[in-house]
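Here chain A shows up in two complexes: once beside chain B, once beside chain C.
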Partner chain A sequence: MSTGTYTQLLDLACGVFLLAAVLVLWRRELTAFVRLFAVQGVALAAIAALSGIHEHRFELLAVAVGILVLRAGVLPYLMRRVLATSGETRETEPLVNVAASLLTAAALTLLAYAAARPLVELAPSPATRALPVGLAVVLIGFFTLVTRRRALAQAVGFLLLDNGITAVAFLATSGVPPIVELGVSFDVLLAVLVLQILTTRIHATFGGTDIDDLRELHD
Partner chain B sequence: MSAVGTVAVLAQIVVVVAGAPLLTGLMRQVRARMEGRAGAGVGQPWRDLRKLLRKQPITPVGTGPAFRLAPLLLVATTLVVAALVPLASTATPVRDSADLLVVVTLLALGTVILALAGLDTGTAFGGMGASREMTVVALVEPTILLSVVALSIPAGSTNLPTIVAHGVHDPARLASPASLLAGVALAVVTLAETGRLPVDNPSTHLELTMIHEAMILEYAGPDLALIELGAQMRLTVLLGLLTSLFVPWGIATGTAAAALPLALALFAGKVALLGAGLAAAEVFWAKMRLFKVPELLTGSFLLALLAVGASFFLPGN
Partner chain C sequence: MTFAAATSAAATSAALAPAAATSASAASAFAAAAPAGTTSVAATLLLTAPVAAALATAAGYAVLGWRPATAWAGLVSPATILGCAVVLAVRVPGHGPVTGYGGLARADALSAWILLVIGAVAVLACAASPAYLAAENAAGHTDARGARRYGILVHAFLAAMAVAVLVANLGVLWVAIEATTIVTAFLVGHRRTRASVEAAWKYVVICSAGIALAFLGTILIYYAARQAGISEASALDWPVLVARAHELDPDVTRMGIALVILGFGAKAGLVPLHAWLPDAHSQAPAPVSALMSGVLLAVSFTAILRYKVIADVALGPGFARTLLAGAAVLTLALAAALLLGQRDYKRMLAYSSMEHMSLIALGAATGTRLAISAVLLHIAGHGLAKSVAFCSSGHILHLRHTTRIGRVRGLLSQAPVLAAAFGLAVLALLGFPPFSLFASELAIARAGFTGPAGLGWATAAALVLVLAAFAAMTARTAHMLLGPAPGQNGGAAATLVQKDTPVQKDGAAVAVPVHDGGTTTAMPDQDAATAMPARHGGGIAAAPVQDGGTAVTVPVRFGAAVWVPLAVGLAACAALGVSDVPLSSLLSTAAAITGGP
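Up next is the complex of A and B:
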């Protein structure tokens, strides 16, 4: 693949990656969250595959396939199951309203660009130049985690955060070793399984998954 | 150059004026067929205009010059935009004046004039429509300006023919994240500017929802015909601008006379296709509540801002 095509495709994948994170803040339907997360997983797998092909490190292709299966297949499937059992469809009252969330996302993206400037200047290349995208997704994921109330929305926020960290790893180091990626993936899978059980328990106890209901500690 | 260029500008104006009512007719017809109605035919807006132009001009008591001049100014600004925007050719005599900022300002001028006319009538509906329109415009303008900046960075100029010619010669640029994001932002803004669903419903006179129709409620006869024509031309020009910026293939960039008819036919085809697609999509959309509109427009502002960021930080090669 020529450098020009590689740069174009990488930029496109990074654009989709960032856009999916931003759209999570825009939408209210919980099913849309899951769908956007799956789209972001595909974009992340594309980033991994592209850097693998560009660097001629073909074990990265295996990592990309793993990411695709886990983040665009298994995790959305698990979240859809939670959604079906909980019967909730909308993030009704986020702590920060949608318009303000979108403006905050804009500010966070600019912050990510500003913060990543020194890193990019260390070794300018198409991949490192896209580094701010990964950082922006980390910040947006954290923001989602803080401001959304439904348990599933918070799980998506956590996963956005993790997607962002993975993307930064791929863009900055042109690919982490498969064993590390495997460890991280299992970690995430386990976290989502725990969150799934937790969500079901919250729903069984309170009849909803609003985290604000968890006010008292019992033994 | 000047002969072919002048012909190109005149042809653009003629095609926009003659085609705008036909485009509206086509969109209504597509919508009618998809809703299971027979529809009035593609030529109906022209027949409406002819009927209105034959009527006696009437102005309400107490209205001033703002009310009387607004239809003329609306059509005039839109005509200038139709001449400036490179719809069929980028090598026109007016190419040096065709700055994207000028085009945006002229379109905004038309909107403001119409809002002033709405206020001038002194009726509750006119004032309400004007206030709503100004709310929407205040949110739309920053988005347009940011999208313009994002599009002008790769081309190195805010000159519209330069940007379009750049797109024709370097098509890969059109698939870059910056261009795609700016495209989506501009598309949302176009819907808001032309008063289409989901921001405004062009086919209703229900007081709770209307924006554009509330401002022009007091117009009748030839004035109403001009306003209708102006609104239809604005839709045509804005859709044409979108196609020129994002699917510029076929636009004449040289001085060859043979390329011009092809470019005009392609322009008409692309805008008709886009309009029909928009009408088909509108069948499935509901009008948004007025208080939800800022949310949509903030979203498109964010996309435009990301487009600017992407054009700096994901610069391609």
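Up next is the complex of A and C:
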């Protein structure tokens, strides 16, 4: 693959990756969250595969397949099951409205570009120049986590955060060593399983999954 | 503690100073007895056994379930951890770090020290578990399935902590610490009440998100290491990173270290991501609270200590110091403020953990060798004292069916042994001699004042805040321990109160059977309803009724399964305070790893 094609494809994948995160802030339907998360998983797998092909490290293709299965297959499947059991389809009024959320996403992306400057300067390349995208998704994930009120929306926020971190890993260093990658994927899968079970329990004990109802414990 | 300032510095140095002479003490005598040239097989065994024993115990509970015969089998894995830690503690100071699995597993003096603390606290917590679960079972809060899950998860939790301590790879360290969150989530939510489900959700979301930041930090350090020319296989290897830390790009390392301190700080209960801690520690079963507070916080903090070594070389000591000192003072201010208004004794203990973690962070910020050995001693003393405090708080909950401080009174005359254990544990946490926290707090303060410039103010602020926390905890604990026992009329002999005694409207003796106390902790209406008749009944408090109609006698007596772990924990904490000579060579070696001059 020529360098030009590689750069264009990488930028395309990163663009889709960032756009999916921004759209999560725009949409209200919980099913749309899950679909967008799956799209982002595909984009992430593409980033991993592209860096593997570019650096002729074909074991990265196996990692990319693993990411595709986990983040575009298994995790969205688990979230759909939560949706099916809870019967809730829409995010209630989020703490920050959609317009303000989108503006915040723009501000966070700018912040990510500013913060990532030393990272890009250390080793400028097409991949590291796309690095701020990963950081922006981390920040948007954090923002989703703190402003959305449904349990599932918070879980999606956590997963956006995690996708962003994985993207940073691939763009900066073509991924972390396999043993760490394996452990991290396993941890994320288990964390989502735990969140799934807890969502069911919240639904059973509180009669809904609005996190604002969780106010038993405070000082 | 300020009141301790009168004590001469000689007392501290006797307890703490890494004297060269002590290295030729009992420790080296043991070392000779240990296998001489430890072969790689022995080293691998030593590094594998703690994790393997814990996993095997967890598997055993999965197969056999929790029953009277297997309840005490839970002591196998903590005993193995403690045994391996002792062998490592004897071996490492003289012979250097033990490595295995091609350098992936590694135990230096710091690992050995923390593994020792894990083993000791886990022995206490696992010894307290059978009595705790029996009482939970009797009260109907758990069943055979719940107890089996408890057995599996507690030992998986121990395995994850042992991995976190025994790996050299910083990526695997992160995986192990995140695994502790996942494993303990269901332990926090084991009662399935609204409060515990809420606590579990907050715990998983805040800790997972917080620690994800630590992973981002880890990746940035890896990026810096790769760009510095370190190979892929060893770019996350701690010894390699420490040796080549000066080659790392300062800007990228600075971002990475800030994220790592923020992320692992979340698991260590430091601001700004501390909000899960009081909820999770107050809702988890008492022995699990003991483990989470006594060792999990310390294990996460050890990760920060490891990164601090890299940061001090790559960025100079100022960067990590500023972050840690800032987090320490803010955490301490928050903990002291919330301790002042605290009405729940398990939350009181949780905020006390935050108080102690911020003292530990302050000591780490100081960073001199004296400060780090005080920090490590403080970790051990806090682990022992806090596990006794949490385990006895579990028994208080079973006795009184409430976690409200206002409704626990006269504990000393109702259950003298339990009250004494709780009271002594709180005294230890407040920093009274002979417990080891006295010496370590004094040494942290002394190191803060004599150490690097700029920390004097932080230390002074910390001392004022510690004093506020001291006053709050003393008043709360005195309220719980003193006063007439419930069921006693002005100190008269015990009245036996039957469960089926009808509640009289304004009689002399009012019995209020309280069943589901654990779930009522945060429900003010129910709380008021049960407290009301007691007030009308002429100062006679509600009498708890145990075991379906059996009367409660005063004083309540406990079996050895209850008081032995508490007594052993207190004795160990006191022994550590009186003399740490057998451990001093390990302590000084461990402090030398992370401490400056």
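One rule holds for everything that comes next: the second predicted complex is superposed on the first by the 216 of 219 C-alpha atoms of A that agree within 3 Å, B and C clash if a C-alpha of one lies under 4 Å from a C-alpha of the other, contacts with A are read in each partner's own complex, and residues count from 1 in each chain.
Operating definition for what follows: a residue touches a chain if its C-beta (ideal position, glycine included) is under 8 Å from a C-beta of that chain, and two chains touch if they have at least 3 such contacts.
In this text the structure is predicted, and so the values were computed from the model without any measurement.
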Exercise. Since both structures carry chain A, what do chain B and chain C do when superposed there: clash or fit?
Worked result: fit
For this session: Have a look at where A:176 lands relative to chain B and chain C in the superposition and call it first, second, both or neither.
Result: second
For this session: Classify the contacts of A:98 with the two partner chains as first (chain B alone), second (chain C alone), both, or neither.
Result: first
Seminar exercise, completed: Of chain B and chain C, the partner touching more residues of chain A is C
Exercise. Which angle, to the nearest 10 degrees, do you get at the Cα centre of chain A between the Cα centres of chain B and chain C?
Worked result: 150
Exercise. So, A:88: does it touch chain B (first), chain C (second), both, or neither?
Worked result: neither
Problem set entry | Superposed arrangement (fit on chain A Cα atoms) - minimum chain B/chain C Cα distance in Å | 19
Seminar exercise, completed: chain B and chain C footprints on chain A meet at residues none
Exercise. So in the complex, which bits of chain B are touching chain A?
Worked result: 172, 175-178, 180-181, 294-295, 298-299, 301-303, 305-306, 309-310, 312-317
Exercise. Any idea which chain A residues touch chain B in the complex?
Worked result: 3-4, 7-8, 11-12, 14-16, 18-19, 22, 26, 98-99, 102-103, 105-106, 109-110, 113, 129-130, 132-133
Seminar exercise, completed: Counting only contacts in the complex, chain A reaches chain C at residues 115, 118-119, 121-123, 138, 142, 145, 151, 154-155, 157-158, 161-162, 165, 168-169, 172-173, 176-177, 179-180, 183-184, 186-187, 190-191, 194-195, 197-198, 201-202, 205-206, 211, 214-217, 219
Exercise. So in the complex, which bits of chain C are touching chain A?
Worked result: 104, 169, 171-172, 174-175, 178-179, 181-182, 185-186, 189, 192-195, 197-202, 204-205, 208-209, 212, 215-216, 218-220, 222-224, 226-227, 232-233, 235-236, 249, 251-252, 255, 278-279, 282-283, 338, 341-342, 347, 522
